[in-house]
Amino acid sequence: MTAFGLLRTPDRRRPLTGAARRVARLPGAVQIATGIVVVLLLAALFAPWLRPMDTVTVDLGARLTPPSWSAPMGTDTVGRDLFTLVLHGLRVSLLVSAAAAVVAALLGGAIGGLAGAVGGKVDAIVMRIVDVFAAQNHFLFGLLLVVLTRPLFGSVVAVTLSVAVTHWVSTARIVRSEILSLRSRPFVLASINAGASRLHVARRHLLPHVVQALALTFVLLVPHAIFHESGYSFLGLGMPPTRASLGNLVADSQRSLLLGGWWATLFPGGVLFVFCAAVGTIGAWGRDRLDPRSRSELEL
Amino acid sequence: MTTPPVLDIEDLQVRFRARHGVVSALRGPDLRLDAGGLLVVVGESGSGKTVLATALLGMLPSNAEVTGSVQVLGNQVVGASSRQLRALRRDHVALIPQGASTALNPVRTIGWQARRTVRTRRLDPQQGAARIDLELDASGLSPIDTRRAYPHELSGGMQQRVLLALSRAADPDLVIADEPTHGLDADLVDATARRLLEVQQTGAALLVITHDLRLAAALGGETAVLYGGDLLERQATLPLLDRPAHPYTRGLIGALPERGANPIVGSPPDLSALPPGCSFAPRCPLVRADCTTALPALEPIGETGMVRCPYHHEADQDMASHAAAPEQDRHAPR
Amino acid sequence: MWRMIGVRLLSLPAIMLAVALLTFALMWASPYDPAATYVAALTGQDGASQEVRDAYAAAWGLDASGPQQFWAWLTNVTRGDLGISREVPGVPVTRVLLDRLPATVLLLGASTVIVLVLSLVLGVLAARFRGSPIDTGVRMLSYVGTFAPSFWLALLAVYFFAIWGGWLPAGGTGDVRTETGIELRYLILPATTLAISQLGWFTLFVRDTLLDRMRDDHVRFAEAQGASRTGALIRSALPNALLPYVTLAGAHLPELIGGAILIESIFGWPGLGNLARRAAVSVDVPLLLAIVLGGAVLTVLGNLLADIGYRLLDPRTRRSPA
């Protein structure tokens, strides 16, 4: 077991925050990011009313028209209005990614919480399991999971599951170390010494911090979830064409692109990018606020 | 025409723009140091000693605002271009930074760092290397073994001696040592003092920063007392230790174990919210009403000394009574 | 030092066994029937007769119990036999993988070089000219590179460089009579677009670590001796910044494999990534399993190599010659 422990893959998966932290520190950046997220969420929510899907028709006369007033994002190779497709694609993408991020955060939170709160043997076993999952390549292992579960549960559940199974590890580690560090803090120790019950300590002192950490990991997981979902959909292994996500749209756009229709690629992927960047910026801001160590910009 | 002093500081002001406001770390100390001179700067932690040393080299971080004048060998440092500053540091100044353990590159051998010093200072490779070996040898280190070692393989005292050896390689005109005896045993403190005095004897000017009054006593020369960025007193070291003028200096000396170990009541000032007037007033046993309205001027004292306290004469009687009743001092009213 | 490397090398099989067990267990637990899928694909209809399916299942050893299957598969793996691929009918998985390996190694190798070289160059530049337009530009590019999906960037690059500009090929490998069977021109777009996904934050990491290290006492000591800022940055700060960089590279470069699936598919690259997609689409489980395992091996090896590299580079962890 000791030999095994030595192989622990270090958790250094914080690429997205790293990139976004600088941006998040710019004045107004978080406000703009929040604005973008809100607008896109509303657009996705009200897509069926803004641009009902049944208005999308194959119109071979309007094949591959560049962006215009009536079709702000142009049309694709069979003359469908891309703006409508993108709105609905965004809806699907956000739904699946949010579900995936929630499940991953909860799964990780539960496992990490268990390991941290119970400790001892349980903790040791959990950490070995974490090692095994951390040794996987996320995207590849997730692909295998999607392939195995999709015919059974359908695309939405398959992608959600695959993201959750490949991403719970980082959340579990964060929650576990959060609990471990909380448990040794003076105010918690004092409370335990004063005879507070386990439940009381957990509810009073641990839960608020853990919930905070979970909320943050959720936000940080969303871009990851989007990358996975769109990636699988792009490969034709995620959402079915009837529930096309933005990843499907980008995949479809390859035909348009060969004919010079750049807009069919630019807009669906662009929306994906803007949303991820905005969420990532908010996440970085949150991490900056929760993790004081990352704040020492001006100190010598 | 007379040669300019090695170091001439006039009305040096350093402010840092920090998150929680503006920190004024230095407020106009006037200091002067001639060739062969020795100046010891003492003060509590946070009094601005390191900021002073850094400012002399023009190496303050970008959030610092500097006004006033610092001249090294007649060259103005404040506002100088980075090229000028580099040339000045390379050819005339050596800094032995605070914290020997972190001042050496942890992933390079001492030999590598010695070669870098020789290259950076544009010394002749052979002569430079020989000089460093000589200096290492003079401070009791084996040049061969030391060159081969990594910093972590040396003790704190050895690291300190390496830094001193590197600093002397180019025969600088000004040597600044920031806390050169921090964390060293008493006998090592004496050895360090001797090595520093050797530097002085070669004709270089020496600026030693310390909070260790015993090191000051071992070195002699002049001593300047810094408090909250203000220069409070400057005198020849031995008279200063013997007959301190400023109430703060008296407090510092009274805090020494052999003088009764009476610490000064209160804590150092918050540099981002300094009170008007004397920065020591809130802790001063002699505080008067006008101490808190305007910063007192520096008054001459002794032959060459200065003190920033108009009431320092009265302190003599006061302090005498304190020495008789140390208990009282500890509970002095704020 | 060498002991620790030895111990970790020895424990490599242990973690791989666990990984294999995990993947195999997942596959076995999913009530997914490979035989049925295969038969359905073969005959083009879902309702193939039970006998046909059972025959295939028996032929592939699928009627054995889970542990038995795992054991059989494991003993085969240790002999270098990864089973029979269904995606490339009748050809052993090992053979299929080996055929595809050079192209992927070439692509991953090129991307790795791009990531390492560019991140160091750009990171050093940004740190040296902190706050300047260079710094701002590098940071913006890194930001875009991190949050833009690689497949999207790849398609945009194809449009711009191949379709609109016509400077580079849009995909394929070109003249197969070259040594690797791939013309270098064809490598540029795939390798670059694959690299971008990691490049952004590798660069930021270099920049930020360097700026941190620039505040270290020994770097300031070098400057106090009259070293130039650039000199101090490169000679004093960079060697120290490289230590965490090595760990980072070991932990994250293996992630390029995930991106390679997307990029190889876009450019029709004849490597393992493209194969993985085909295996996934046609549910060729032995093949996919082998590739997933390969990914895990690379991930673990990457971390191990990074640890060894770190220890070799850092004299504080290297045992001193007594």
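For reference, chains read A, B and C in written order, and residue numbers begin at 1 within each chain.
Assume a residue touches a chain if its C-beta (ideal position, glycine included) is under 8 Å from a C-beta of that chain, and two chains touch if they have at least 3 such contacts.
Given the structure is predicted, the values throughout are model-derived calculations rather than measurements.
Looking at contacts between chains, the pair that accounts for the most C-beta pairs is A-C.
The greatest centre-to-centre gap from chain A, using C-alpha centroids, is found for B.
Chain B and chain C have Cα centroids separated by 54 Å.
A separation of 21 Å divides the Cα centre of chain A from that of chain C. Along chain B, residues 61 each make contact with two or more other chains.
Under the contact definition stated at the top, the residues of chain C that touch 2 or more other chains are 215.
Annotation for chain A: residues touching 2 or more other chains are 300. Taken together, the chain B residues at the contact with chain C in this complex read 57, 59, 61, 82, 86-87, 89-91, 93-95, 97-99, 102-109, 116-117, 120-121, 150, 152-153, 163, 166.
If you check the complex, the residues on chain A that touch chain C are 3-4, 6-7, 9-10, 12, 15-16, 18-20, 22-23, 128, 131-141, 143-149, 151-152, 223, 226-227, 230-231, 234-237, 247, 250, 253-254, 257-258, 260, 262, 265-266, 269-270, 272-273, 276-277, 280, 300. Across the interface of their complex, chain B is touched by residues 215-229, 231, 235-236, 239-240, 243, 313-316, 320 of chain C. Residues of chain C touching chain A in their complex: 4, 7-8, 10-12, 14-15, 18-19, 22-23, 26-27, 30-32, 139, 142-149, 151-152, 155-156, 158-159, 163-164, 170, 198, 200-201, 204-205, 208, 215, 247-248, 251-252, 254-255, 257-259, 261-262, 265-266, 276-277, 280-281, 283, 285, 288-289, 291-292, 295-296, 298-300, 303-304.
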